[in-house]
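Listed after this line are the structures, all set down as structure tokens.
Note that chain A is present in both complexes that follow, paired respectively with chain B and with chain C.
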Partner chain A sequence: MFIFRKAIWLLLILLLILPGCWSRKELNELAVVAALGVDTHKSGFLVTAQVINSSEIGKQRSSVGATPVVTYQAVGITIPDALQRVLSQAPRQLYLSHLRVLVLGEALARSGISDVLDYVSRSPDLRTDFFMLVAQHSKARDVLNVLTSFEPIPANSLFSSILVSHKNWAATGMVTLQQYITELERAGSNPILSGVRVIGSQAVGYSSSNLKKINPDAQLQHAGIAVFKKDKLVGWLEESKSKTVNYILNEVSTTIGYVPCPGSENEVVGIEIFNSDTKMDVKLDQRGIPQFTAYIHVEANLNAVQCAIDLSKSKNIDYIQNQLKEKLEVVIGNNIRDVQTKYGADIFGFGEVLHREYPKVWAKYRNNWDTHFKTMSVQIKAFVAVRHIGSIIQPVRREIHQR
Partner chain B sequence: MKKTEIAARQFFILTFGLTVGTSVLVTPSGLAYVAREDAWIASLISLAINLLMVLLYIIIMRLYPGKTLFEINELVFGRWIGKVITLLYLFYFLILAGTLIGNLGFFLTSEILQETPIQAVQLLFLAAAVMCARLGIVILARVGELMFPWIIFFFVLLALALVPQIDWNHIRPVLEDGWAPVLKAGIHTSMFQELIVMMVLAPMVMKRKPGETAYWSGSLLGNGLLSTLVLLSVLILGIEQTANSTFPAFVLAKTINIGNFIQRLEGILVTLWVMTFFIKTTLLFFSILSGIKTVFHLKSYHSLVYPIAVLFIVVAWNTYLNSVYVADIIQKVWAGYSMIHLLFIPVLLLAAGFIRTKLAGKQDKNI
Partner chain C sequence: MTQFTIGEGVEHVPADLEAFTNHLHGALSDSPDIVYRSIVIGGNKGVIVYIEGLADPRLVLESIHDESPLWSESTGSTAVEDNYTRLQEHAISEGKVEEAHLLGLVISALLSGNTIIYLEGMSSALLVGTENLKQRAVQEASSQSVVRGPREGFTESLRDNTSLVRRRIQNPKLRLQEHTMGEESRTKVAIMFMEGKVDPDVLLELNKRLKHISLESILESNYIEEMIQDQRYSPFPTVYNTERPDIIAAALLDGRIAIFVEGTPFVLVVPALFLHFFQSSEDYYQRGDFASLVRFLRYICFAIALLTPSFYIAITTFHQEMIPANLLMSLIGQREGIPFPAFIEALLMEVTFEILREAGIRLPKSIGQSVSIVGTLVIGQAAVEAGLISAAMVIVVSITAIANFALPTFNMGISVRMLRFVLMAITASFGLFGMSIALIMLALHLCNLQSMGIPYMTSFAPFRWSDQKDALLRLSRPVMNKYFGRSGKKDY
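Here is the complex of A and B:
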């Protein structure tokens, strides 16, 4: 009995120090996938995996030759099928949990991405916090084959540039898988994704010689917002329309704009919008037709005054405020109407607003919302407050003229 | 040997654990599927129904003070019918405990320990339950006391971390399709907290009055926690994702991200879940053992601990074929089957109890 007890104690003590994980995977057995690209292929999907070359990342002194990431490509009927085939090229097992971006080729996006979404939301390996991007006018493969300076891992470069530019420029969209799926599955809204494109020479982007120039030959650039109708890409929004989408979706935190100076169309005052808050509302008119209104509250600073306006007078500030208000109302209103007529895709979520406010009215429209959306009237009401004019009062132009 | 006794506070914690165990992971999905934006109202209805059921159980226990559920069965329905009904309960508890262990294995192996054999997870967990069952109910009560502050702490931590992501638009419009789907979902969900199990343990509580308070307040707190979680799921994930996730609460915990710094807190949810899960499974274990003891007039149930544990595993492996099969059973069969044990038989017990006391009263007068 005594020996039995001793044995138990020994086992218990060993249990404290010896156990490991059942399915442990050490870092040197894994190929950490930073970005995944999916394209159409005649037999299923062409999958590109951008894998971090960990031995190159850790080095203090930059080594010549090896690139910080390696891309593998394979074709498969399903995405996991293709990923499995990557194993025939890669020396390590692919590890998807640290995925930063998922890039979809334009051709794939146009033919529908629901199968891709099913895989990425079904797989327990993948978290839901990566960003999704559409490669504008190109294949996802081409985007993932560009090396970036500054951030050695292109996927991280994309990831952080989305974060930074979304925060500081209204035209960049930031969409995660979760948001996309929520928008997709609701009846009263359509999803968007932001786009990315390669500028410069792709052939050079492949090689680490791209990193040796002060002005790299190939670079990645954010390219507006991709409009989806359900899971199919229907078109691209250029800068101004992308801004509109972000204003309406209340995704603007800081952005830059300009308005004309009094008495002159060519001279402008530069404006920094540092706070924007949008509320959408719907009212029914006498015939019971929904009338949408978006209330946009904006706070702005002046950041570049390129005319001789007298900024010591508060009526001039009022003038700038009014100009900005009018500009917002006109431009955003026109852009929404363009999206309505051109795509008929409710990427702004007006349908959901109607659903929330008037569920009974919504029931009449729900089955055919995209068609009805084309005819809906949308009003924009902007409220602008100019807060700061910067460190100097009068414009430099004015000072010169006075002397 | 001294009579086993537990304090009202411990009883409260066990009731709480029983209510929260397993439901915490899966409840939001079914509710959001049926009640859509109003899942949270449905979960409040479920809370109310649960409290009413607890009230029913308390009234029954007042009629037969100091008796367990199984002893009441035999008193009310007579020796043989009572034993048959007790065996029905035991079968219900057995299937329940087996499915719980199956659920544990499935969840852990599909979301976290993907390459670990499901048997390893289940057997390890069962080993802990067996150990606890051998040591007795008092030990479980104390374990519960140790776990309780952590469960609450983790839950509050999770809930607070989720607050920044709340989007109130997700729960609007309210009551779009009227009360019917909400009531349906609420009644359905209220059949998964199995609070009747506590009737087996209630006689062990030292004082009657605080015991009753612990009974309803424990289920109130547990259900309150569930409702909060349902509300958070819908507010943050939206109904589409809540309804279409196998384990919505886990998805919910995965979304936590505070300043790109505090992330990936899903482990906390799993810890919370495993702790309440342990309380629930072990409680069922004790109930089955004490039921068998009552039915067959055994002196002690210690020799039965291992055989019953083996039965759990057998049931677990044969009921949890895949998660779709289980979801299907839960949707179509389980609520009705549960209702027989949670509502129908107790109501019979109460009715019979009242009639007996009436008759007894008349007899008293005649004498």
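Here is the complex of A and C:
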């Protein structure tokens, strides 16, 4: 018994030493990939990895002024094949778990991204909470080769600018891998992705001299929403349509708009929408055809009054409210019809609403929902409340005119 | 009471003066501090023996000096028996006068500070309680200081210590039992408890264990602690110690048992449960809400002190995906160029800190401060600047060390310090997986541990609702009274 016990202890101690800390990797043995770009290539994929140059990050005193990130490119039949080839250039093991953004080239997006999705969701190293972007009219490689101000790591810059613009501008899509796949797999909806493009001169974007100017030569800009039909990019939505998508998906938290002033079409009142809530509903008409209605409840503030209306009169406020209501209903309605006719892709999730409300009716449509979607009628009902008019009451224009 | 086993233990006191002194000389040799003073009382020869510095025979000598000339006149008797009885019954103006027939008893009484009066012709001697040790006065307890609460601390004198407790509990049910232990040192050991509140099983168990102690000497209460603890190989203490009489009083009122040892201000308490080591006496001297918060903080500190370095090692070497991205970037930047693996880095810093801490205790107080400043600031900062240690590791080690000091009992802090290194080694090999296994084993061990037969985790496992008033939290007294009854007694 005593010897047995001793043997157990010996084994336990050996267990501490012998496995040699397998799967141990020190922080300074890692090349953290912040962004991954995938483009088509004649022999498979062209993969661009934006790797953090850790000797430049996190130090108060920057040493030689090297760029904070390094990009490596390699071609492979599959993405992991290409990634492995990156090791011929990189001195460290690529570490993908902290990927912030995955950028897809437009050419790749148009030809279908299912192979990319298979890799990123199959690999246990990758989390599913990174954002996916499409490089508008360019290759993913070009987007990843631009240095950014504020955030030394461009991937972080992209990541945080998506968060900020989605919250305050509402014309970008904040789509993670998880959400993309959910939308893709659901029969009654099609996915969207946010777009990004390089503005300015790409040729200087990759050098740190880009950051030494007050107005950098090359910058990254969000470029509306990319419409997907299944896994293929079919087109781009400009700002107004992108906002529409976010209104219907109930993703708007704050955005800015304007409506015309009473009595004059050229003068406008600026509106800040600070709260928006959308509910979608579907009813069947006499013939059993689904009729969709989106109820949009909006709370707004006035933030710029560029005419001489009397804001102390409640009828004027009511007028602005009505204008905003009409504008929302008309613009959103038109935009939805445009998407219906042009792309025939249900990126708004109307099919899903039908599926939940009338599963039996849905069964008739599900096999070719995209074609049916083109013919569906969508009503928009907006409810607008103007809450605050800001720190002053009367417009400055009015004050000056009265004097 | 332990029986003496020295040579003359069973011999009787001889009736012959010379034989008596020879016996003493033989037993004690010719120590210069043993004083033999010959006297003549009522015509009878005798001797007074005491040890200088240990006994204060002034009163004895004065009373004999004052009275002896008058003796023959008042009683007229020169019979040795009369004088002996007279001495024993009223001539000595000292409280405690006893009679001893055995030489062994005489010698041990002499060694503990009694003055021996011997008259020739009697086969017994008088032992006068003249113990007067030079003692430290009652001072502020240095090991567990409080902002609010009594400042007194125990001293090295057992009698002073028991009196400090008696003054706090003026209750006839307070019991004190004294033993003499240690074959060579013959140290007085006393146990104190409240009759009626104490668990009789625990008392029985303690007495059984005390009886089985066989030690040559007992110079500090830890000698006893090591002998009576339930499990020799546990990192956790199962005997509580304190130098604060108010803590002892509270423990006695809770039905626990205190063990006093002559010569040390540290008094033991059994049974000692896990949660006792997180209680500070100040918890009871501050408002309940604040005390609860602070006590909760201590449990957090326990976790921090135990786990921070190993957790840091685990997530930076095995589970980088758990670190938030921005934190990871910052950590990576700091670790750039560090030549050691995280485990070695942590070990270096922890060992350095332990060295500084040990050195700080040994060094004189004035130098100790500067050493700790040199150690923390200079070595810490220099190591970071030299690129040997990452700045994050310095923070980890510092917070660990500070959290360790926030534990109110020193011996629980020691357990945490030992376990920290074990956990670090395990996580360096197995990551968070190993850490979880180690923590599960630790929990099993804690639940398995006992103190005097009482489960160590009592109040939590076995869970006792009635104890919750004063376990994780310390409820305010009106709430305690309302929901848990007025009695202060806890199950433990």
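Criterion: the second predicted complex is superposed on the first by the 377 of 403 C-alpha atoms of A that agree within 3 Å, B and C clash if a C-alpha of one lies under 4 Å from a C-alpha of the other, contacts with A are read in each partner's own complex, and residues count from 1 in each chain.
To be clear about the criterion, contacts are C-beta pairs under 8 Å (C-beta built on N, C-alpha and C of every residue); 3 or more make two chains touch, one makes a residue touch a chain.
Note that the coordinates shown come from a computational prediction; the quantities given were computed from them, not determined experimentally.
Asker: Once chain A from each complex is brought into register, does chain C clash with chain B or fit beside it?
Answerer: After superposition on chain A, chain B vs chain C: fit, no clash.
Asker: Check the contacts made with chain A and report whether chain B or chain C touches more of its residues.
Answerer: Comparing chain B with chain C, the partner touching more chain A residues is C.
Asker: On the A-aligned overlay, A:Ser55 touches which partner chain: chain B = first, chain C = second, or both, or neither?
Answerer: second
Asker: Which partner does A:Tyr95 reach: the first (chain B), the second (chain C), both, or neither?
Answerer: The answer is second: A:Tyr95 touches chain C but not chain B.
Asker: Given the touch rule stated above, what does A:Asn266 touch, chain B (first), chain C (second), both, or neither?
Answerer: In the superposed model, A:Asn266 contacts neither chain B nor chain C.
Asker: For A:Ile153 in the superposed arrangement: first (chain B), second (chain C), both or neither?
Answerer: A:Ile153 sits against chain C, while chain B stays out of touch.
Asker: Have a look at where A:Leu30 lands relative to chain B and chain C in the superposition and call it first, second, both or neither.
Answerer: So A:Leu30 only meets chain C here.
Asker: Figure out whether A:Leu16 sits in contact with chain B (first) or chain C (second), or with both, or with neither.
Answerer: A:Leu16 contacts chain C only, not chain B.
Asker: Could you tell me if A:Arg127 is touching chain B, chain C, both of them or neither one (first, second, both, neither)?
Answerer: both
Asker: Quick check for you: in the superposed arrangement, does A:Ser314 touch first (chain B), second (chain C), both or neither?
Answerer: After superposing on A, A:Ser314 lies clear of both chain B and chain C.
Asker: Can A:Glu357 be said to touch chain B (first), chain C (second), both, or neither?
Answerer: first
Asker: Once the two structures are placed together by chain A, how many degrees is the angle at chain A between chain B and chain C, based on Cα centres and rounded to a multiple of 10?
Answerer: Taking chain A as the apex, chain B and chain C sit 50 degrees apart.
Asker: Just the number, please: smallest Cα separation between chain B and chain C in the overlaid arrangement, in Å.
Answerer: Minimum over all C-alpha pairs: 6 Å.
Asker: Quick check on my understanding: which residues of chain A belong to both its chain B contact set and its chain C contact set?
Answerer: Touching chain B and chain C on chain A: residues 23, 125, 127.
Asker: In their shared complex, at which residues does chain A touch chain C?
Answerer: Residue list for chain A touching chain C: 15-17, 19, 21, 23-28, 30, 32, 52, 54-59, 95, 97-98, 100, 125, 127, 153, 156.
Asker: Name, in rising order, each residue of chain C that touches chain A in their complex.
Answerer: Contact set of chain C toward chain A: 316-318, 320-321, 325-326, 328-338, 341-343, 425-426, 428-431.
Asker: Which part of chain B faces chain A closely enough to touch in the complex?
Answerer: Against chain A, the touching part of chain B is residues 110-111, 113-117, 120, 169, 172-173, 176, 237-238, 240-241, 244, 251, 254-255, 257, 263-264.
Asker: Which positions of chain A touch chain B when the two form their complex?
Answerer: Interface residues on the chain A side: 22-23, 124-125, 127-129, 178, 181-182, 185-186, 352, 355-357, 359.
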